[in-house]
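First subunit A sits with subunit B, and in the next complex the same chain sits with subunit C.
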Partner chain A sequence: MEQVSAAPQGGRYDIRGLAEPDATAPKNAVVSGSTAEFDAAELSTRQVNLELRRLVYGEGVTEVTVHNPGAKHSLSVGLLARCRVRIDGSLGYFGCGLIDGPEIHVTGRVGWSVAENMMSGVVVVDKNAGSLTGAALRGGDLVIRGHVGARTGIDQKGGTIVVGGNAGTLTGFMMQRGRQIICGDAGNGMGDSMYDGAIYVGGKVASLGVDCVEAELTETDREFIDRKCAIYRLDQPATFRKFVCGKKLWNYDNLEPNERKLVL
Partner chain B sequence: MSEQFDLADRRLSGGKGIDTEELTGKTFPYQFDRSLVDDVDLHAATPGEDINWLEDIELMTEDGVNAVFDRYTNAFLKIYFEIPAGRENEYARKVLVKHLQEGNSYGIWLKHKHAKFAQPELGSWLAGSATVGANWTPPELAGWQKPDH
Partner chain C sequence: MCGIAGIIHRGHTGDVGDEMTRMLQAMKHRGPDSTGYALYGDPSELLVMRFKLADPNDSGDFAYAERLARSRTAVEQRLAKLGAEVDRMDGESDYAYRATLRYAGELKPLADYVEDVPGVEVLSLGHSLEIVKDLGDAESVAQQYRLDKFQGSHAIGHVRMATESDVDIAGAHPYWAYPFSDVAVVHNGQLTNYHRWRRRLERLGHRFQSECDSEIIAVYLAQRMSDGLSLETAMKQSLTDLDGVFTYLVVTETSLGMAKDEMAAKPLVLYETEELVALASEEVAIRSVLNREIDTYDPYEGEVMVWSR
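Then we have the complex of A and B:
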């Protein structure tokens, strides 16, 4: 069976679900040794991602700059190798998702769900991010120098989210593991239904969500916050408060062992 | 780069807890010999300026035995050698990275058959890793015929 075939209603159909099944890498990058750069202004989302994969997987390039991303959605996704990518501008929804290994620097803003499901790597955004930042994050560092919208780190299962500014409502909603450092204020319902993990807040917390409680900030916590802020050169407030799960909603003992693994 | 596992002699117990040994039908030398993982460089093996995603990896237990959780397989990898006090997480991380870099993670190994898009087999742990998924074809049910409409 072919992967791509003619669709009954015309056009082309890809069994894997590709929106542009016939797209190919545009090969418009200028490559110089292990570095490369290309202009994304006239490229579709898929062409940008194909060009990135061609360079990183096929050409041995380890540092790529993407010019004029135009706030397109789903750029720089699915990269599964060590590399450095600089996005010179802003991204739309679901940027830098499903990555494992890259270090990505976005000089502008990002829309919903940046770095969702990241397994490992580093994503740094210089300005603001929309809602669902770091949704279902599994590992790595996600750093937003500006403010973030609602539900930051929803269903987070690992990794670290660092926010230089304020965070919106329901930060850490259903968080299961990992850590968040919010240097500014946090909105209503913070940590609602979180099962594990820790949220450190430098500013004010509007209100706590269900089963989120304050805990003692330890020396280990302090070392962690200082280290992350130093690595990403973030100004941090003088004090932080730590918030964790109150464990009133824990029902793990009644679940099968495989259910337990879902949060590891 | 690992050869594909020979699963001919594997016997799944059907138990609720499925660990790496059951999935692959074998154990690996670095589960038993600490010296085989001593030289694993965790910082070099991870992106960024600290140990990145390994910060979440801790020594755990499975079936009463020390173990590290391999998220790429969704199963535990048991560690049988003695771990010096105070270095539990360090050795758990080293065993896991060794396991991944040698291509022995069952979940990664499944890429050979099931990856739908060309991608590096061992991703972020090994530079120059082989490519898998370039020639994926959809599975076909025996005897099935494509309908006319």
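Then we have the complex of A and C:
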């Protein structure tokens, strides 16, 4: 009993809001052995994702190249297998989100919320990224060679975000675990309300957010930064500074004054 | 949510009507309620006035046609009374009109006197600015107002998902900076000190046609510029004067500018070359006029940029 009605863009969506519920994989990929490539220019978002899934899950392909992504939103999302994907161009919003395992290389730029909630894997973006880069990241490496917008790694819960250029305002906002390496400058309010984790900055920091403090950069930190920059062949600045949570807002175990009265 | 877009050809003109339609249509999912354009054609000696006699939501009762005819006659009489000689007056629909006028006087009394006719709103007044806005998506508005052939140097546009005020033409963007010639604004966001600024600007004699917070940005900027500030300085000042989350685009007869609030809460993607600058809430909009791989970036928080045509 699928209730289907016309979507604003001329496509269709079902009662749950799923776009193009009757879309099928276009099967336009050219497969040779374990590699495949296909052109996304004429495909809808869902068709691109269905084709990727068909190749990776169904055909046993381990390396896929997607041509002409055209900055479409939500491409290459929800891939839950080890594979290599090369996006030959730019992505719109929510690219490479909710993935677990793939190594994705985007040769262009990405919009907001790239690799949101990635569990594991690698996403490398050659150019700039929009805001909310790596939001709620859980694991894996997210590498942006260019600049990133605001709120990078908001609510980050693991993994590593590496930025070759500058980062905007509220970088690491409310991050809970994981690490960020910002080779360039960071904007105002960096690390605001962070619970845990570490942010390494090579350039200038415009200002720190609430309860974010500078910490001593240890040998282990230095080794970690060197290793990540070497893996992704990033030119790193000579020095880094480390920023962590000041733990002034750590009140988890404390009772509110009213509650204390009740208990005592 | 709303989507905004801007395009400026530098040193030449282009099909800005068609380009803006494609950009806005690509962002239809950001706001299907209404679509608006501020287009700049070749500057002319004549004054271009875009106005509406009624709203498409108004009830089409038996007296509707008669009321519109009466309003149109009243507008013509009032223009004549103020010495504005009508060169042409074309109806784009039964309620939306474009008139070219020979008029050298003050714009404020002209706009006020025309708008005094019930239901009438002056959408834009200027020597090259033309604001077109109506309900529906970009393609239907462009078709209704025949914008596909519009040639010009720059344009901004807006697709609206109404949140703070009604779905009607008065609530649609772009907003003309009444009563200043050739200035218009589109905005994505919410202003939290709207009422304070509205009262301040009303005390200076400005009128507001809608309940929409975005309307004050246009008037605010035009007021600052008439106080002697440059466009860029006025925009920088707006970052501290306006409270809330906003990314807005502003156009004058010669320039296009963007400003983003200090939280960078609303998106904007920028593509910039010597010949062309294109900005939009989403890169898909820019790709709809430049169908190839391009280098783009998001301007940072608190940034103000201005380009000349």
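Rule of thumb we're sticking to: the second predicted complex is superposed on the first by the 236 of 264 C-alpha atoms of A that agree within 3 Å, B and C clash if a C-alpha of one lies under 4 Å from a C-alpha of the other, contacts with A are read in each partner's own complex, and residues count from 1 in each chain.
One rule holds for everything that comes next: a residue touches a chain if its C-beta (ideal position, glycine included) is under 8 Å from a C-beta of that chain, and two chains touch if they have at least 3 such contacts.
Quick caveat: nothing in here was measured; it's all calculated off a predicted structure.
In the superposition on chain A, A:51 contacts neither subunit B nor subunit C.
When the shared chain is aligned, no partner comes close enough to touch A:116: not subunit B, not subunit C. Set against each other, subunit B and subunit C touch different numbers of residues in subunit A, with B touching more. By the touch criterion stated above, A:90 is placed in contact with subunit C alone, subunit B being left untouched.
Judged by the touch definition given at the top, the superposed model places A:155 against neither subunit B nor subunit C.
Applying the stated contact rule after C-alpha superposition, one finds that A:82 touches subunit B and leaves subunit C untouched. Once the two complexes are overlaid on the shared chain, A:73 sits against subunit C while remaining clear of subunit B. By the touch criterion stated above, A:139 is placed in contact with subunit B alone, subunit C being left untouched.
The residues of subunit A shared by its contacts with subunit B and with subunit C are 8. By the touch rule above, subunit A contacts subunit B in their complex via residues 1, 3, 8, 15-16, 53, 57, 78, 80-82, 100-103, 119-122, 138-141, 158-160, 177-178, 227, 231, 256-258, 261, 264.
Interface of subunit C with subunit A (complex): residues 28-29, 32, 137, 262-265, 267, 269, 282-284, 286-287, 291, 293-298, 300-301. Those residues of subunit A lying in contact with subunit C across their complex are 8-9, 70-73, 89-90, 92-93, 108-109, 111-112, 127-128, 130-131, 146-147, 149-151, 168-170, 187-188.
Remark: subunit B residues 16-18, 46-50, 52-53, 55-56, 60, 69, 71, 74-75, 116-120, 123-124, 127, 129, 131, 136-138, 140, 149 touch subunit A in the complex.
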